[in-house]
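What follows is a group of structures, each given as structure tokens.
There are two complexes below, and they share subunit A, which is joined by subunit B in the first and by subunit C in the second.
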Partner chain A sequence: MLMLPELIVVVTAFALLVVDLLVSERRKPILPMIALAGIAAALVAAWMLPQSGQLLGGRFAVDSVSRWFRIIFLIAGGLTIAVSADSLNGRGAFRPAALSSRAEFCLILLFNLAGMLFLAGARDLVTLYVSLELATIPLFLLAAWRRDVESSEAGLKYVILGALGSAFLLYGLGVLYGLTGEMRLEAMSGALRAGPAFWLGVGMVVAGVGFKLTLVPFHLWAADVYQGAPTQVTAYLSVASKGAGLALLFHVLYRILAPLAPHWDGVIAVLAALTMTVGNFAAIVQKNIKRLMAFSAISQAGYLLLGFLGHDGAPGRGVAAMLFYLLVYVVTNLAAFAVIIWYSGETGREKIEDYRGLSKTHPLMALAMMVALFGLAGIPPLAGFVGKFFLFSVASKAGLHWLVGLAAINSTVSLYYYLGIVRRMYIEPAGAEDRAVRVSPMLATVLAITTLASVILGVVPVFFETISFQTADWLKGTLW
Partner chain B sequence: MEYELGFALRNAWLILAIPFLSFLLVGLLVRPLSEKAAGIIATLAVFASAAFAYAMAAEFLTLGAATGWKTFVPWSFEWLRFQERMAVHIGVLVDPISILLLVVVTTVSSLVHLYSLGYMHGEAGFGRYFTFLNLFTFSMLGLVTAPNLLQMFVCWELVGASSFCLIGFYFDRPSAVAASKKAFIVTRFADLGFLLGILILGYFGYQVAGEVGGTRQAFDFLFLTDPVVMGKLNAIGAGILGIPVLTLALCLVYMGGAGKSAMFPLHVWLPDAMEGPTPVSALIHAATMVVAGVYLVARLFPLFATSGDALLVVGYIGAFTALFAAVIACTQDDIKRVLAYSTLSQLGYMMFALGVASVEHPLGYTASMFHLFTHAFFKALLFLGAGSVIHAVHSNEIWRMGGLRRKMPVTHLTFAIATLAIAGIWPFAGFFSKDEVLAAALGSGHYGIFGIGLLVAGITAFYMSRIYFAAFWGGARTEGASHAHESPVIMLIPLVVLAVLSVVAGFFPIGEFVRFGAGHGAPHGINPAIAAAGTFAGVLGIGLAWAIYGSGGTARAEALARAFGGAYTVVRRKFYVDELYLFVTHKIIVRFVAAPIAWFDRAIVDGGVNLSAKGGRLFGFALGSLQTGQVQAYGSWFAGGAVLLVLVLWGLQ
Partner chain C sequence: MGLLSWLILLPFLTALAIVFTPGTRKSLIKWIALAGTGTHLLLTAFTTWRYWTLAAPDMAEMRTARVMKLYLVERLPWFDSLGIQYFLGIDGISMAMVILTSIIIFTGVLASWKVEERAKEFFALLLLLVTGVFGVFLSFDLFLFLMFYEVAVLPMYLLIGVWGTGPKEYSAMKLTLMLLLGSALLIVGFLGLYSVSGLQTFDLTRLAEVSFPAGFQKWAFPAIFIGFGVLGALYPFHTWSPDGHASAPTAVSMLHAGVLMKLGGYGALRVAVYLLPEGAKDWGLFFMALTTINILYGAFGAITQKDLKYFTAYSSVSHCGFVLFGVAALNLMGMKGAVLQMFSHGVMTGLFFALIGMVYGRTHTRMIPEMGGLGKVMPWLAVCFYVGGLASLGLPGLSGFVAESHVFLGGFFGNPWGSMVAMRTLTVVATLSVVVTAVYVLRGLGRVFMGPVTDPHFHELKDATLTERISTGVLVATLAAVGLMPWLLIDLIEASIMPIVNRLHS
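Right, the complex of A and B next:
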């Protein structure tokens, strides 16, 4: 029963294959809908299931943190399918942006989603690694989905560097296993002894996680892959894949390395500082909006990392802040990406300057984009502000005031390039050839939901309180 | 409160709520739909306010006899809490002078609203005009009923802002824009002093509140004018330059009042403010807003009286302004500017009346409020009459009018009544209040001020008669004047109402309840000697004007101007105060203060910002150059980073 969400997702994936064979071409737009229905069912299951329990002799377990990870992953996956539906059905006016083979696309995406769900529940090394691979390898396929030069290049780069990342991670896990002789994560923590080999293992594991989370200096693949991949896949990479990286890092830090908690603050702080600074400053000079969003996503990973600080003062607060910001980031970033997907799908244009005058031709789309960008920049009262506030206060409570200052400076810098887009949309006049293009009901629905969510999450405190309350519960039960 | 309050006083919040809600309704909802409806709704709302104010006044008058005219706050709620004993309430304070001002403000405001329906008919921005007029009325009522210094300050700024909007109502005319800016900047400059004064009073008031105990709030008037508190404040002693703290604070507060009431040397904005529509001049720049400064001093009068020195400053500046403005008024040709200088002069009257008052001789306090009361009516009437004339002739220049006596009989008659009222001729309202002011000055032993007051009374009669004769007597001097005809009825009704008030207001027994200190200032009868001297000055002034201007020709006036030569020019150019200010601001402040600051801002501050931006971009480009697109390079960074990470971890353990 505890594995119900994962099972629903996998079964839906296979059901898609069968239905694809049975229905006629005209009926095939139903396929993304089936995928969405499956994800929705999994989401309900994840919500209703008990908040703790284990299966398979403790190799797979659920607690309140992994429950929230699963919920966030499912939301991200569902929204991605929803914004991809138009391109999958060949509805966009710009033909080259269309995505072929809708059943297979959904299938692979669902497999990937299942991998991430398993990852959240994994409690031993093998489960962890296998589910991580399931949460990574399908992404290579998705990145290369369009088979044109850019997309293929993105896929290839992703495969090569992804393999490198996996190799580091696997080698690091192997070393840790060799040192402890334990497969179960919590058992490993008890058997750890510090030493050169141990630090070698930890370093390699963190490097592998860094690949997934686009931490500097393991981030270089991100810009090229994000730009070349189909925009829908970029959106998915920027939220879901990042979430999987966080879940992995959570396992590593809070389960395997739990006894060493006082030691990791410095390393995490430096990685966070590097990541947010490099991401933000590189974003300033970008001209392509997908590349810009890639660097923006890198900097957001830096903020998210702040949630792993401050273990000795108020345990658990950091986790809650991290989960809450991840949720906020998922809806806000997907709102921005929904606009980008729509615009490039209808016009084929993805330069930042192509957004000039959007407020004249599409006032509502420009408004949604502006709210999303302000949310990413962290402007009150949007959820992005509240989320960042909690994360920064975690760093502040950990005594890392320099990092809070740096993060605040970074937020200001990020405002520059986010506002650059808003300025183009609102202040510059539309080009002579710019005219209104179609907005599909599906896209409008997604945008309405995500935009509202990015406001409501910030204004209504109950969401953060729930996450905070439940994760605090977890910490009491397990770690401290 | 041991007394039973009536409906109006129990619901005193309505006096603020009615115009405020009407402002929102008219400004946001009605105006976009129908400009005409906006005007009508705004006018009805102010009439409703007026009715409510009368109800409050009636209840207060019946209550007052029993309670001894006690000050109380029938309604308030906490708005800001800084500290215990330092919270700010929004509320309605009721005492004789606030009731007096409520009646004056709502009466004049409703009549001006009505008049404006005719005067502004067909103007672009009709709805906008009434929106601002409503905002002004709300702000002014909030100022009058403020139970503490901070509410007063907030409303003080609000009336300033609405005044700014209305002076610049014709924002396509550069002169109107310049005038609105001038008014705003000059009064804001004065308000800086006011705010400093409030802060000083609040700071020491808070300390005193701590000593005295209880739950009273440092900013409340009821607290500040408590005899115990005033004694403690007065005992604080020397502040800066040996000036006692209380005197310093009150002088700063008075600076705000002097700015709003256009006392010398902050008077320069008021004549220019005549760029606004004439009804606005009547309401804001004659009858209500400009008396806010007088009201402020009256509201804090117990404190001023305790300080003594601060009151002398008020008195002498007031007397000087009264004379100074009256002299200038004799030489101006724009009918509204003459009235503006006349307003300055009369405000000076009210101020020095307060200044000569003291705890022993409190008559000036009553006289000042009395003069404020009567002046509001006849000055509003003069402005509305001038508006009626301007409406007909399409010019402000008195020499472009003439002979309007027959063409505009109602305007003529009401204007004549107002002129007699301001000249202080029995039985018109100005006679009584001016008499009381002069009696107060004489009674308290300020003979110099009494002399100035008497002189100003004569000059006032002269220049008012001058414009009256020039505009209404003789023959039409221009095409416009010969084709003039009477204004519509909707504009004449307010004229007639105000004319009646200008006649009867003097008989109102204001000394019965507006007074300071128990027993003193009992109803003051007419002092025959002073009345005779005042009347003589008035008649002399009128006679002189008749001799020079009564014919309607300009020959005698021009000969007189030539005879005075340079002196005439100096006065006509308003003693070059404006030029002096321009010199100081442009040549000295701009060159030696503003220019270096601007340079610092451009070169250092902006330069620093631009430098950091440039640095950021360079850093961004440098990071971008890492993105070679080559997988080998990425892989190398990855491996190198991992090795570094391992080393760091190892080193940190």
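Right, the complex of A and C next:
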């Protein structure tokens, strides 16, 4: 029962294959809908299931933190399929932006989603690694989906560097296993002893995790892959892959390395500081909106890291703030990407300057984009501000006031490039050839939901309070 | 829902009403904006009366109080697990600022009667901005405070960027980024207060019961003071102000110079000095020196300006220097002067920018040398301009005199935590600016309004319209009222400043 969400996702994936064979071409738009329905069912299951329990002799377990990871992953996957539906059905006016083979696309995305769900529940090394690969390899395929030069290049780069990252991680985990002789994550923490081999193992694990999470200096693959991949995949990569990285880091830090808790603040702080600063400053000079969003996503990973700081006092606070911001980031970033997907799908243009005059031609789309960008920059009363503020408060409680300062300054810097887009949309006049283009009902619905969510999450306290309350529950079961 | 919530909500609801009005019905939009802000003015008057009846009996007891007393308090838990509340209250300082803001936005709407381009968005954003301003003045939870603070800053980007003139995109970006860098400092400081206090609360009144460690106060005070100082045009962080004000449309300049810059002084007094008295003692003299530069730099800067808006913007830098100078003097007289100056300068500069907008709308130039003799063709505007100018150079009988004399006396009395000689020298130097102010005000206004009419086209220009007369008339009357009956305002604020002073001395 505890594995129900995962099973639903996998079964839906196989069902898609069968249905694809049976229905006529005219009926095929139903396929993304089936995928969406499956994800919705899994979401309900993840919500309704008990908040703790284990399976397979403790190799797979559910607790309140992994439950929230699962919910967030499912939301991210569902929204991605929803914003991709138009391109999968070939509805966009700009033909090259359409995505082929809709059944396979949904299927691979669902497998990837299943991998991430398993990852959240993994409690031993093998389960962890296998589910991580399941959450990674489908992304290589998705990145190369369009089969033109850029997309293939993105896929190839992603495969090579991704394999390198996985190799680091696997080698690191292998070393740690060798040192402890334990497979269970929690059991490993008890048997660890410091020494050269231990530090080697930890270093490699950090590099592997850093790759997934696009932490500086392991971020170099991200910009090219994000730019080259189909926009729908970029959107998914920027939220889901990041979420999987966080779940992985959570396992590594709070399970394998738990006894080191008082010592990892320094490393996390430096990684966070580097990641947010480098990501932000690199974003300033970008001309292509997808590349800009890639660097913006890198800097956001830096903020998310702040959630792992601080362990004397109330360690759970950071986890709640991190999960909350991840949720906020997922809806806000996907709102921004929904506009980008729509615009490049209809016009084929993805330079920042192409957005000029959007407020004249499409006032509502421009408004949605502005709200999303301000959310990412952390402007009140949007949820982005609230989420960031909570993460900053974690760092402040850990006594790292300099990091709070750096993070807050970085938020302002990020506003510079987000405002650059707002300036184009609102201040610059539309070009003579710019016309209003079609907005599909599906896209409008997704945008309405994500935009509203990015406001409501920040104003209505119940969401954060629930996460905070439930994850505090998780803490009671651990060594703190 | 209480009275204070309505004070914040009313502009927001007006903005919403405007959003749902069709953009083509421009005069309807303006009437909605006017009705909303007019109602707000009435509501503010009612709140003042309520506040006065509640607070008057406590006046004597407040002389020795160390904790500020709030009235009409509204308190609801919000993000409860972090101790964040929806916490509104009002005291004398807030009351004065709310009155100021309400007057400025009302006259600002009147002064924007000629805005035609995208009028709907303009008025909606303007009212959204004021919502933030009222929120800041009324909230006593630091998180809520910060939230409103940024809501008040950000619409400025679009207001200047879309409706501004000159290098508007540059000015708008510079202004937004500098002000938000200031708020980045505030975030560090506020979170520091939160985590160091260990109380799990952002409640300002409860944080005021904590004595923060000296080492913390030593860095947190300048962080918060400068964070607010950026908005209060503290030298050398004032550079956004001339560009921003010069590029902004009339009502936005009015609001920004008249009200938004006051958030800086207000926050410095209410948060920095009140919560971190030890830090204030360490840094008081330093900031006094910095603000002296402010005052002189602004005044000398104004002399050299040819553009009326830059002229007023530099004069604002100088006058906002008085506010922070009074705060940094760390005594009752100085702080009283600071609040009086916030009020007085708010009205005065609102009047200036309104008049500049009106003159520019007629002559299509803001360059002082191109104008001359305008007093003959538009006497009403000229008289108002002169009243504002005389208030700005501190003529007795107008509000400027009351405020500046308080500030200078405050500086001269000094405080026991810095070198008395240094403080008195700084005060004397700062006082010299009054002479400089007289030079630039009289010279500048003389060039524009006196003498023969330089351009024959000027003869065809008309004097103020009815809306313009109401708008400027209200502001001039306020300047005179405060100048002639300063005790109205002083009584309102004095009891609320006492806790800040008492905390410094305990």
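Definition applied: the second predicted complex is superposed on the first by the 480 of 480 C-alpha atoms of A that agree within 3 Å, B and C clash if a C-alpha of one lies under 4 Å from a C-alpha of the other, contacts with A are read in each partner's own complex, and residues count from 1 in each chain.
Following the convention adopted for this analysis, a residue touches a chain if its C-beta (ideal position, glycine included) is under 8 Å from a C-beta of that chain, and two chains touch if they have at least 3 such contacts.
Values in this document were obtained by computation on a predicted structure and should not be read as measured data.
In this overlay on subunit A, subunit B clashes with subunit C. Within the superposed three-chain model, A:Ala167 lies out of touch with both subunit B and subunit C [touch as defined at top].
In the superposition on chain A, no contact is made by A:Leu364 with either subunit B or subunit C. In the superposed model, A:Pro380 makes contact with subunit C only, not with subunit B.
Within the superposed three-chain model, A:Val206 lies in touch with subunit B and out of touch with subunit C [touch as defined at top]. After overlaying the two complexes on the shared chain, residue contacts for A:Ala223 are found with subunit B alone; subunit C is out of touch. Note on the chain A alignment: of 63-71, 99-107 or 585-593, the part of subunit B that runs into subunit C is 585-593. On subunit A, the surface patch touched by subunit B in one complex and by subunit C in the other comprises residues 416.
Within the complex formed with subunit A, the residues of subunit C that make contact are 77-82, 143, 146-148, 150-151, 154, 157-158, 161-162, 168-169, 173, 176-177, 180-181, 183-185, 187-188, 191-192, 194-195, 219, 223. Listed in rising order, the residues of subunit A touching subunit C in the complex are 320, 374, 379-381, 385-386, 389-390, 392-393, 396-397, 399, 401, 404-405, 408-409, 411-412, 415-416, 419, 422-423, 426-427, 461, 464-465, 468-469, 472.
Looking at the complex, you find that subunit B touches subunit A at residues 613, 616-617, 619-621, 623-624, 626-627, 629, 631, 633-635, 637-643, 645-650, 652-653.
Residues 156-157, 160-161, 164-165, 168, 194, 196, 199-200, 202-204, 206-207, 210-211, 216-218, 220-221, 223-224, 263, 266-267, 270, 278, 281-286, 413, 416 of subunit A touch subunit B in their complex.
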